Structures are given as C-alpha cells and as structure tokens.
C-alpha cells in the first residue's frame, strides 16, 4: 500500500470540503448579535477541547437565600459550545426545605436526583397535577411549557441536574413575573383573582411597583 | 393540438403519483390515536370544501360568567382540517371589564382587535412587562410560552381574534393551575410565596382540595 | 419573610441568566443581513411594548385598482417583532366584485371574514377544487403551497384577515409570474399551453417583454 | 482478550436498546393511514437490503404524449424506504421539444442533466425570472414553492434526475390546476385575468367543466 | 366574588378545549406501530405521576464484561413518557480502566461526570480530535453524529450521566458495526484499509462471519 | 381592461412586500460568519440565473489515488445558492476496484448509479448489514447517520450522483478519524479493540501521530 498514493487521495478528498467541518458544531461568537437560530459560529480552526468542556456545574450553588436554592446554568451564554446543538444543563442545589419555585419554559426538562429527597411535580393544561417524591437516581420528565416545581422534603441538602432540549431556554418564574415589576395591582387582581392585600405584600417583598 | 395525446400524457403524468395528494393536507381522523405530530389523515377522496371551512367563530361566546369572557376555539379537535398544518384561531368576546386571565402556551399568538378597547400585555423571562392599550385594528404579538393577558378597559364589549402557530395549542391558566386541583396548600405556599389564607380562599372558589 | 434575603436570592437566580431573555423573542434588526432563519435580534434592553404592537392593519387598503383589492401586510419587514416567531397577518379589503388573484405561498393560511361575502377556494395537487362561499365569521384553511383565491361575490365591500405561519411568507401570483417579466412568449406557450395571442395581450397589460 | 467476556458485554449493551434500531429508518407500512409526519414503520426485523433499493428509475419514461415528457417518481408511495427520511428522486425523460410544464411544490428541487440540453427556469415572488440553458453535468436549484419549468431545446432527447427534500412532495401543475376541473369559467377569468375564449379552449383540451 | 359564577366560567372555558390537553405530552402507546415522529399517545385520562418518573437509572450497571462498562438507557422504549419530547438520558458505570467504545448517534449528547476521572473525546469531520480529562462535575458536549468515546483513566469506578436530545437515539458502535455481522472480510478490508488478519481476529471475537 | 389601473394595483400590491422576496432563497454571503441555520443571504437584487446553476459536477473526479475514487461536492461552500434550502449533491467517480470508504453523516443520502456496477451498503445500529449490487439506474437510500460505503465491483469505471438533504453535510470517514490525527495509540486500542500493530501501521500510512 503506497503511502504517497493514499496521501494524494486524502488531500483531494479532504481539500474539497475542508471548510465544511464548520457545520459539525457552531461555538457561539458573541461578537455578533444572536439570531432566531442562535449565535454565529467561531472559526473552528481556533477551537480546542477546552471549548467543549465546562466545569461550572462542579461547584455547589449558594443556597443562603430565602428559597434555599442555588441554580447554576450551563447554557449558550456560559458554555458557548452548546450554541445550535439544542441542549443545556443546570445544577440545582436545594437546602433542607428549599424550593425551586413554580416556573415554566418553552422546552422539555429531564431531572436526575443525585442526592437527597425532593417532591417534584408539574401541572398540565387541564389543571391536573403530576407530583411525586423522587430519591437518588430517579428521573422525571417535565413536558415543554408546563408549570413545574421542586421542593426538598428530605433531611439533607439535595443535589440534582436538569437537562433541557434547548441551548438557550427561557425560564419564567410565575411569582416574580407577577410581583417584581410595574404591572398595576388592579390589573394583577383582575388577571389572577388574587386579593389586593396579597398582591401588595408580595410586591413589597419582590420589588414590584404600581 | 391533439386532445387525445394530451389526455394520454395527463393520464400518465398524474397516475404515477395520484395518491400523493394525500400529503397536500391531513384532515384529522379521530378513529385513530393522536401522535406527536398530530392525528392520522382522513382519506382525501371523501373530503369536500366543507371540511376546510368552519363557522363556529361566527357566534359570540357567552360572557355571562365571573370573568366576563367567552372563548371559542378553532383547533384540530373542533376543526380537523387544521391537523398537521400548524395554525389555529380563537375568538375572544370580552364584556365590559371582562378579562382573559393570565396564561401561557407553547406557541406564539397574534391578536387582532375587531371591536372595543383592551389592555393586552405579556411578561418576559426577565420579569419585564410589555403592556399596551389596543384599539380596533391593532395587532399584538405574544411570543411563545410567555405569560400574557387581555382586559377590556373600554365602555363596550370587545371582540378579538387570536391566531396561534399550532393546530393543537395547549393553554395553561396560571390561577386554575394553582388553585383548582389537589396540589397541597403547603406546597403551593412554598412554590409561590402566596399566603395560606389567600390560597385557601381561591381553592374554595376554584374547587381545589388539600 | 425577609425582604433582604429574598432580594439576594432574586439577584443570584436572575443574574446568572440575565441575558438569556434574548431568546424570549427576536425583534428584527435591519442593520444586519437576513439569514435562513430570519434577521438578527435587536438588543432587548431597548425594546418597549410599542415594538410588539402594529396598527397598520387598522387602515383600509385602497381598492381603487383593476382587481378591486387592497392588501396590507404585517410581516417581519413591516412589523419586526414577528421575526423568528413564525406568524404573520394581512388585511384584505375587497371591493364589490373585487378579487384576490390566484396565488400560492410556502406556508398555510387561515382566513377569517369580518364583513361581506366572498367565494374562497384552493386547488389540490390532484387538480380537485375546494371552493365555498364564506360569510361573516367563517374561517377557511388554505394548506401550504396550494393555489388559492378569494372573490367578493356580495353586494358590499368585504373585509377579511389572513394569518400565515411564517413571519416572512413569500407570495407568488400566478398571472404576474407569467406575464410581467421577460420570460419569452414561446417558452410561456410551451410550459402553460396558453395561446400566443393571449400571452401577448396579458404581457401588454402587465408589462411583460419578449 | 476473552471472547466470552466480550460476548457478555455485547449482550448486555445491545439487549437494552435492541428495539431502538426501529428509529434508524421507518419503511412505510401501508396497512396504516398516513399522518402529518408520514406512514407508520414496518417492523425492521423483516426488512432486507431489497427494501432500500429501487430500480424504477432505470427505465425510460414514455414521452409519446403531447408534452413529450415522461416523469417517473421514486417517492414514499413507490419506494417506501424513503418514508420519514426527507428525500425523493424523479426521472425526467424529455423528447426533443418536450416540456415539463410550469409547476410548483412545497420543497426545494435539485436537477442534474445527464443527457441533452434543456432550458430550465424558475420565477421568484417578485416575478423575476431565473432561466438558463443547462447541459450534461449541470445542476440547478429550484427553491421551495416557486414556479419552475424545463424545456428540451436540444436536438436529442434529454435525460435528467431531480432530487427533492421530501419523501412525499406534492406537485401542482398550474395549467391543469386551472383547466382540468370544475372551477367555473367566470371565476377563472377573474382570478387569472385570462380571456373566456382561452379558458374554454383549454378546459376542452384538459377535461374541465363549468 | 361568586363561586357559582366562576364555576360556570370555568366550566365553559375549560370544556371547550378539554381534550386538547392530549398535546401537553404523548406517553407512548406500544399497542400501535411507531412512526417517523414517534409512537401514538396513550389516553392522558389514565396517566398518573408514575408515568413520568423512571427509577431505572438509580441502579448501577454491571461492569463485569470485557469493556468494563455498564450502560443503562432511559429512552422511549423503557420510559415511554419521553416519546415526542425530544430528550433521553443514560447512565454510564465504567470500571477502572473501562471503556465506552467509539460510537456515534444522530443527536447531540451532554455528559456530566458524577464520580471518577475519565478521558472523553470526539473527532470532527476534518479528523481533528477534541479530547480532555473530565473530573467530577465537569460536563462535555459531543456534537450530533460525530464519533466519540469515554475511558475511565482514574483509580476508582466512574459514574456519569448523558443526556441526548432525542427520545429515541440510535447508537452505532464502530467496532461491532464492522466485525459482528456478515459483511465480507474483503469488503471490510477495502472500505476500512484494515488488514485481513486483524479483521478475522475481531470477527472471531465479535461473532462476525464471512 | 385598463392597463393603467392594473399597473396601480400591481404597484400597490407588490410594493408592500417588495423586499420579502428575500425569503424565496438565501444565496450565501461569505462575508459574514455562518450560523446554526447557515450563512446570511446575499442581496437578491444582484443575483442572476448563474447563481442558481453549478457546472462543477460535469467534470469527472480524479481517481488516480489509492482508493480509486474521486468525489466532487456541490454544497453550500461551492454552490452558495444551496444555503438554507436543505439539499446538496455530489459526484462519485469510482475506478475499477475503487472504493468510497466507510463513512457517515448527519443527514440521509440517495445514490443513483449512472454507469457501472457497484456494491453499496449500510449498517444499522443493531449491526445488521443492508448491502446490494447496484446497476445503472438503481437508487439506494442510506438513512441518516448510519455507516455506509460503495465499492466498484464491475469491469468499468462507475459514475454515480448522491443527493443529501442538507446544504452543508458533514462527512466523517471512519478510518481517517481513527488514524490520521494525534489520538494516542493506547486510547485507539481501547475504544476500538484493534491491535497496536494494526493501529501503528495505519497511522503511518495516514499521517497519525502518538
């Protein structure tokens, strides 16, 4: 077998699409504005394995807050290799009694419990609740766009990882959506059926005005 | 020009793919279970123009209820020609002071106001409110999955149509999601920061238990 | 409940993905070229509710033309908040006897008749016609890519709105496609089976050459 | 290296997802109705290489018709292995002076000329014509949903293959759409601007009524 | 606030789309054949939280095999709630010195290391290697369809979870693809450049014939 | 029929969406970086039919190399009109005894044999081989991401064209992926089960190090 001949083939075969490896992946280049499908891609010639590895989820989140929860995100903005690949991951540290408040996002989410015991649940569009206690090694799926939550009901801190099928999921927390902005109290009352006293109390806590 | 010869061509040309018109559209056949992409299709040979027209949105919805709103849906289940085509439409009748309560769905929504004056708004995932008074002829876009609402703030009944880019959108109403099921009061308190008194009051109104 | 503690949580929780709200929507920034998925996004920090509302469909289109029709478009180019969200809307004003000529587009279309009486129809790829008279409140679906048309057959002007599941639909009008450009008469004759006299007559009206 | 040990691994590793190879491909099972994403899949256990090979395009189409064209389709209905894979292919035999009439379809098309000389072209939604003479080895792209055509302008029969990115493309031929059904002459006149005489003449040739 | 009146609203508002909650999720019903988009859905009325939770990943895989690896899959076939939601998860137990052999799949994969130290890597289509040592808490992305592998290079067993953005990923292991079937030795030699001796040796180990 | 009046209509109707024809197609502009959905689009005003035609596949590839194969690509980088349209085509020239080595790519591929006799095959994720001899006019489908190959087993050079449903497919050749880079021999041994001697021999031929 002739090395030379193969090298020629190899040269010819690869040269013609040498640049196409750009489509293998698309590490986000933040020097350009994002578009509907994500960020433009960095030149792959300058990439190394370091671009595809992220260590941020190895550090416990700070749970010294009122909810007793620390959330750390590996999404396109923190881990740009995810751009265009339709996946992200987050780390949940939940103190004893801590809570990931009720929220939703466009895409679906899989949770895996690594330590501790939590109650996790979601609510479907017919208002039916699907809620269950999860222990170490259990996984649960939260279907796209439905409200869901997690509560540490064990006696030890809980650790879980969640995976979502978007590199850039949005997260909408119901309570801060209602009470931490300038949406007028009277409007909130009408669209939520909550009492004015309750609304004003939570606005005060969460920084809402009007 | 020979009619005969063309007819032969026509026969040949069309025969070979005669059955492919099945892909032009896919009117839902409810005799089969739905799948992730929608319902199986009815045989197109039996379809007429009537299958592609729906008159249900021509009738005003009943607004004699506590929210003063009537919503009528043209979705795959009521208008099966929409199946697989990624569009649906709904009619909103809102009495004076009436409300479409805060809710969300997977897909985006365009509203057009036909009669009356409403305040419409949505909240983004950073808790910023985008809210505006809409009059006859105004349209507003509510981006996919974000919480939004409409309130009739005029002196006359309001009429609007909304279009969503799914034949089978889900609608999740925040308030009934929280208070009209068996989600325990203590869990609701933790995941929403609402007071127990408030939760119990709304559970009573909306039929919630626990 | 400590405001301070919650504020700390809130800060931590939101800071980490503060910029991700960019994915909630993607208002088109026309300073950059469009791509296959749409335009790059404006910085959301500068957006207000006004960016998400469009009033152009509130004005009747001019029907003083040979077809008796005025079409007004709310698409990405006129209403940039639609960019990336897969929806657009257009207003049809059709004078008595007026016509939306036969045309097609990549995506599906839902029409709702607000005033008047029209005949609307589409033709499937087996040449079968689905045509029906629509009155106020009726909706009809025109499946993606199929030829369709609307004619005002009532005694009063007609008003309708159409919704399409693309922010940037293309519209191809069959008659102007054939007769308002430099496609040679002999080619048109061969590919359409129309007579040379007819072709030349319409080219003259529609500005075609060759 | 122990064969036995590897065999155990192999058994364990493969057993757990043995049935998942069903997702490698989805050969259409015509015993079930089609859905928006295609036909249900045959059991892969019964498939052989023969299911993935089709010889129908090896035979020249009959061009003894008024258009001088024979079109042979390898689509899901004739070659069920294409189901769900988003590709199809067709063979065009075009006699001297023969024509593939102006038509459109939802998806894009690539043509490659194997023998002969044709003029091929498409028209964009601004009515601009892109037309060129193609010789052996030339390829041309016809973007999704735009009207296009091919004419043999050489002195020998032409042979070409077209590839479309759908296993089940629809084909809408403009001329038969207008003249080979029961669409009333007066409607056609209004929506196409064609003369009544022309319409009646082509209806007669193509079997149209009304 | 009248409970009765709200109940009426609630009834009206929900009744009209009661069945639409079927689109919230689509738990696979294995009584029907799979299609290109997944399995048909079970009736949601019969579902409970148990359908959305899977405990199979809580058990360590058996690593007593030649590769020293145990892989446990949570995919649509084992965890049917994933059907149609575009996510799956797998558990990797890798003994000291153990290996997940080089393989590929259609979709992208995120790995998170829970215990131990591994070398993970992928190769792009320009033959460039991206390989790195991963420790507890590190994540790495393997872009869709590219060859990749993991090797335990630490002194303790390794545990990792991988998430893929398909409910039904295919896994193609390069070595068994080549040597554990009836692909003739001479063909393998030609398409892989491997020596006949090597091919025959691995065929013997892996059960290949011809 | 008044030319003037029609012209006015035409002006009004077209002006309002004049720029939308940009979405008909998106010829790649290489002055901007690529993104996950492809390159930004050239201004369509400057395009001509030449942009949509490519003649590079009309020239036979050079088969004077060790594999006896010449591959010529019409992909976005060589034929920028394909950008965003989800199709590409390549030409395979295979000398007597020549080989397209085993490889894979994200998308599906249809091959059509124009001259000669080849054996083509693919392997599914259960290691089952689907292999068959193809003659002139035969087509075969290689489903997305699965390993496949072609070998000229006839007595004459073979010519084939392949169509893939991506404008920018990646191609991963198994043998060069393993042996033409710096992946350490010991790692290759572990992840492939190949012998060190074999690995070193092919590294030498293919330029691999370590």
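Observations on the model:
A, B, C, D, E and F are the chain letters, set down in written order, and residue numbers restart from 1 in every chain.
The definition used in the following text is that contacts are C-beta pairs under 8 Å (C-beta built on N, C-alpha and C of every residue); 3 or more make two chains touch, one makes a residue touch a chain.
Predicted model only: the values in this text are computed from it and were never measured.
Counting the residue numbers used at the interface between chain A and chain F, under half appear in both copies, so the two copies meet with largely different residues. The centroid of the Cα atoms in chain A and the matching centroid in chain D are 41 Å apart. Once the centre of each chain is set as its mean CA position, chain D and chain F turn out to be 20 Å apart. The centroid of the Cα atoms in chain A and the matching centroid in chain B are 27 Å apart.
Under the contact definition stated at the top, the residues of chain C that touch 2 or more other chains are 1, 14, 20-21, 24, 32, 35-37, 121, 124-125, 127-129, 131, 144, 146, 170-171, 173, 176, 180, 193, 205-206. An unclassified topology is adopted by the chain contact network, corresponding to no line, ring, star or complete arrangement. Pairwise, the chains that make contact are A-B, A-C, A-E, A-F, B-C, B-D, B-E, C-D, C-F, D-E, D-F, E-F. Within the complex formed with chain F, the residues of chain D that make contact are 1, 14, 18, 20-21, 24-25, 44, 47-55, 57-59, 74, 79, 81-82, 85-89, 107-110, 112, 114, 121-122, 124-132, 134-144, 146, 161, 163-165, 193.
Per the touch definition, chain F reaches chain E in the complex via residues 99-102, 104-106, 119, 121, 123-125, 127-129, 131, 144-147, 149, 151, 170-178, 180-183, 187, 190-195, 198, 201-202, 205-206.
Residues 32-37, 61-62, 64-67, 69-73, 75, 77-78, 166, 168-171, 173, 176, 180, 204-207 of chain C are the ones touching chain F in the complex. For chain D in complex with chain E, the residues that touch the partner chain are 1-3, 5-10, 12-14, 16-17, 19-24, 26, 29, 32, 35-41, 43, 83-84.
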